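Step one of this worksheet: look at the structure below.
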Amino acid sequence: MAIRRGRGVAAINYPTGMNLGGDPTQALVHSTPTGNFMVTLSSVDLGQGMKQIMAQICAETIGVPTDRVVVDTADTDTGPHCMGTFASRGTHRAGNAVIQAAKEARQVMLEVAAEELEVNASDLETDGQGNIQVKGAPQKSISIFDVALSAHFKRGRSISGRGMFLIPRSYPEKETGAMKPSTCYAHACTVAEVEVDDETGEVTVLTVKNVFEIGRALNPKMVEQQLVGGSWMGISHALYETTEPYYPNRDHGGTDFNQYLMPGPGDLAQTEIIVLERPSADGPFGAKGPGEMCANPQIPAVANAVFDAVGVRIDTLPITPERILRALKAQTTG
Amino acid sequence: MAKVPVQFTLNGAEKAEFIESGTTLLNALRDKIGDTSPKGGCHQGTCGACSVIIDGELRLSCLTLAETCNGADIKTTAGLAEGGVLHPLQRAFLDAFATQCGFCTPGMIMAAKVLLDRTPNPSREDVVEALSGNICRCTGYEPIIQAVLVAARANSQNAA
Amino acid sequence: MELRKDYFADVRKDGLHEIGQPRPRLDSPGHVTGKTAYFADRNFPGMLHLKMVRSPHHHARIRSIDTSEAEKHPGVVRVLTARDVPHNVYTILILIQIGPEDETVLADGKVRWKGEAVVAVLGETERAAQEAAAKVKVDYEVLPAVFDMEEALKPGAPLVNEYHGQNYYLYDSGECRKVRFGDVEAGFAQADHILEQSYQSSPIEHAPTETTGCVVAPEGNDRFTCYTNTQAMFFTLDNASIILQMPGSKLHFVGGTVGGGFGGKVDVIVEPIAILGAKLTGRPVSFVYSREEEMQISSPRAAEKVVIKDGVMRDGRIVARKVTGYTDAGAYSRHSPYGAQKGAAHYPGPYTIPNVWIDTYCVYTNRTPSSAMRGFGVTIGDFALEVQMDKLARLIGMDPLEFRFINAYRDGDMKAHRQPTEGAALIECMQEASRAANWPVAEKYMAMSSYRKGA
Amino acid sequence: MSLALQTFSSVKDANAALQAAGTRYLGGGTLVVRAANEGDVSTSSLVRVTDPGLSRIAVADGDVRLGASVTMAAIARHPELAALAPAARAVGGPAIRNMATVGGNLFAPAPYGDFAVALLALDATIVTEDGETPIEAFLASRDTSRAIITAVGFALPKVESFRFLKVSRVKPKGVSVLSIAVVLERTADGTVSSARIALGCMADRPIRAIAAEKALLGCKLAPGEIAPALAAAGEGVAPITDPIASAWYRAEVLPVHLGRLLLG
């Protein structure tokens, strides 16, 4: 029996959005009478934290703390159209729409504040704590609470805004395939280290070191959630998962979590995550879509590490103990 | 269809209902009693999202018939916070960013609570074993393991 | 997690108030207290449960369907067949003009995969619906089925889907989506080494902990509220409107908190039939996939086959890359024609190669229709590309990481699908990986940058 | 028809009720409630017994008697059953172990039934109202068995003579690629004087590796000496193919894992 060790590397990029269908999302933003802000969307939160990120984007743009923002999604009676939560488009497309709507609302807010303070709106700034002040003279200020009250009950202004972000549809050119299927690209490089039991074909992923470039980590803790979970899913894809274990034979498909294999809490690789930020030109605060790309580089990195360990190439996913063992046996007889 | 009475304590409150014979505890809690904190992720006993504590033991409410729980003391995640104050496990899950979609969270917390009730200072291995019947598809488990370990430390510091 | 702010520091504005801050998630308190409401947490008095009778065959003609015993079963309120569905043949991407309509809501005359929906039973309880479903009699004439993509593409293979007329999706470019860049044959002729390899995957399930489903409640004013865990509210609403031939104004969708999706909840499968059930009975209807259905009936990530032929120089430059990709759509299109062409644009990967030839096929077989999943159109391609890169490096005796630096795309480089590279960061990711993994590369690679002067 | 649960205080009454068509016995629920949830409408009635004797663990004079309703968790934490704890802990996660019973495990089809593999190696006796049946005979006829199991009995093995291994893809909880239970008696110099080896997943139910048992007699537990036993381990097996592993793979790694268990 021998436990053999190997490591492998992979580098990837990942596109944001689905331009080949036209890629729109809308957002509405309005203030309540006491200066809280509602973001209205029809975008779906799958657990990745869409609502929280939209709240932070709106708060940053308006100039209020995040806890002053409420996100109302996804109700088709109230929320304007969003293409959907897929293609790593949620943060990017909806975020841009929220920025546009929030900017419009902010402008009205500043205009009302200007009337109250008897200055020009262009001379005003927000302090991020819920106040509007004159640039260079912060003692001359008014709370957003009072501005909203004034807008509603005194000045008859609607502190609100509309946001629409559309990447126009790209039609692939028939003969050359010239097309613009997406906008900004995220990047990653992963190094995986494995142990392979050459008598059973069992693989243990010891470590994965993932470097992800995601444009901008809008909320670093939530980015970390996605990247750690995605890295786990990548390893899972590499070594465990399929609904058809004997593809293309249709038999023996798993029907529960016992038969559908994924790494358990006792199978976790020591996981390191390093994030780089090269802001994208068109992303909200430079963000790109990190949700999908983070689960991709582990797959080839693990495959290459298995080869490095035992000298057999498994070019069929998932890289099961059976496939490795068969290859090892073919290697010794061949 | 024959209805049968069930009576048990849920998070300290007496509950009595007439249910159809053969109803699982999961469905009785969710549909009759209105405690939707246990989730139905598989109804097979393979995901742990429906985990509840019955008479101090972790059980899968999807495989437990409600009629067999007469007189039992049942606890769910919905009853964990006391007086609006989160349980240390709940607090730790928040602080460790250990929830994403949240669907597995109530079951995870129940599994972790049983562990900490019996083993106040668990090792990482203990935590892994305690969570081994609960599936999470979002987090990769590590943040959840960390949250349970943090809660255990918080608990033991409070006790000391 | 470590944020390495030293990279690209010149182009990033820090010091924002809310952005870049690790704010606690506003949804987490609901999660840890079990208070977060998912679609299935809505319960309505008198709610019916929908159970589906499914095809036991991979491919069969339906001679007859007899629902009479099921309809008489105690607790059964309504049984639905293809006849009840106003616009029974649909395809999800018709909204962006990707057709033809090729899939039945309930099977009509034929089933094309094992597990296909044939008859829907609405019962007072899940048990009543299950018992009645067992009493539905469907007379099938089993037809030959095809499961292998290469077999499916051969002349004389069983025809999976008559709406297409052949076992592949017909793009405006023909049987596949093409990308042509440079002269790939000239590149191969020039190369020191040629390596052609084939890669394969099998379907992968999203396996969210919350299964796909919806709860529909009549609003009482001819409108219906559908609580759903779809990933795309209006995609679902608009397709339901087409299938049910109901104005969209009669439909109200509520969603937004979903127990995991990963791409598995972008199909429009459960909502239209549940709304139809609510409309025809006047009662709330719940249709939730069982875990078995989620695992084997809901769309998986497509199986793919990727054939890569590369021409590489001894100095490490890849001079030609030809990729043929096959996406196993299963019996119906769903999102697969999109995924296959997304793949065409993704090859040849994040590398600058002067001569590229790409063909991607969307192939029909008699298996569960596949659809989008996290990394749609890219994940399996990346596996193939990056294993191929490892093989090429070893073929020419070069370090696999250094080999990637030589070929990495940089700002301004023209991609095969004729988009100039912008915002590249592959090199910096590899540099950081080299450090973090203690995998040293030559200093010249550590001195590289994705920036190009003037770009 | 809905699913009805009938509760009895005695096994005798429950056995009578169990004779009705469409009736199954409810133990821990991990098999029958799951089947009902998944739409198996062939069962319309479940029968259970509340007799506390079914949950009793008795250890006396080296003999163990486990009530059929004893759970895996109860075995795993029982101080006198420490030798069996690895086998009991091999079943499911913590919640499943609080529910899954000794009796139910005897009926679990492969790849489940790891504890039954242990019971087979232990040469257990299966007790019903009608009498006692050797486990091998019981397993052979379990598909048609209608009598409620009340207990299982076996001689308590010494910790060092009982070995158990479950191989699974997912850790720490996954279902079996295979499981192996071995009861070995050795002389003072370490020579094997008797061996019972039971295998899980090597057929649709636990089976014995009789050829390997024979080949092990007279051996010391050293690689060269056990090689013939390992070579014979696959004799007579018909491994299952399922989503976890193929028959080919199971057969290939059986001698590897048996060897590691014997030498470990």
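Each chain carries a letter (A, B, C and D) given by its place in the written order, and its residues are counted from 1.
In this text, a contact is a pair of C-beta atoms (placed from the backbone, for glycine too) under 8 Å apart; a residue touches a chain by one contact, two chains touch by 3 or more.
Since the model is a prediction, treat every value here as computed from it, not as a measurement.
For chain pairs C-D and B-C, the one joined by more C-beta pairs in contact is B-C. Put simply, the C-alpha centre of chain C and that of chain D have 42 angstrom between them. A separation of 33 Å divides the Cα centre of chain B from that of chain C. Chain A and chain C have centres, each the mean of its CA atoms, that are 17 Å apart.
One finds 30 Å separating the Cα centroids of chain A and chain B. In chain A, the residues that touch at least two other chains are 46-47, 49, 221-222, 224, 228, 230, 233, 245, 253-254, 256-260, 262, 264-266. For chain D, the set of residues that touch two or more other chains comprises 2-3, 37-38, 172-173. The set of chain C residues touching two or more other chains comprises 25, 27, 125, 127, 207, 257-260, 262, 290-292.
Taken together, the touching pairs cover every possible pairing of the chains.
For chain B in complex with chain D, the residues that touch the partner chain are 1-2, 4, 20-22, 24, 43-45, 48, 51, 57-60, 62-65, 67-68, 111, 114-115, 128-130, 132-134. Residues of chain C that touch chain D in their complex: 51, 74, 125, 127-128, 130-131, 133-134, 290, 292. For chain B in complex with chain C, the touching residues are 1, 20, 22, 30-31, 34-44, 46-47, 49, 76-78, 80-81, 86, 89-90, 93-94, 97, 99-106, 109, 135-138. Across the complex, chain B is touched by residues 2-5, 7, 26, 28-30, 33-34, 36-38, 46, 48, 73, 92-96, 98-99, 172-173 of chain D.
Of all residues in chain B, only 42, 44, 46-47, 97, 100-103, 127-129, 131-132, 135, 137-145 touch chain A in the complex they form.
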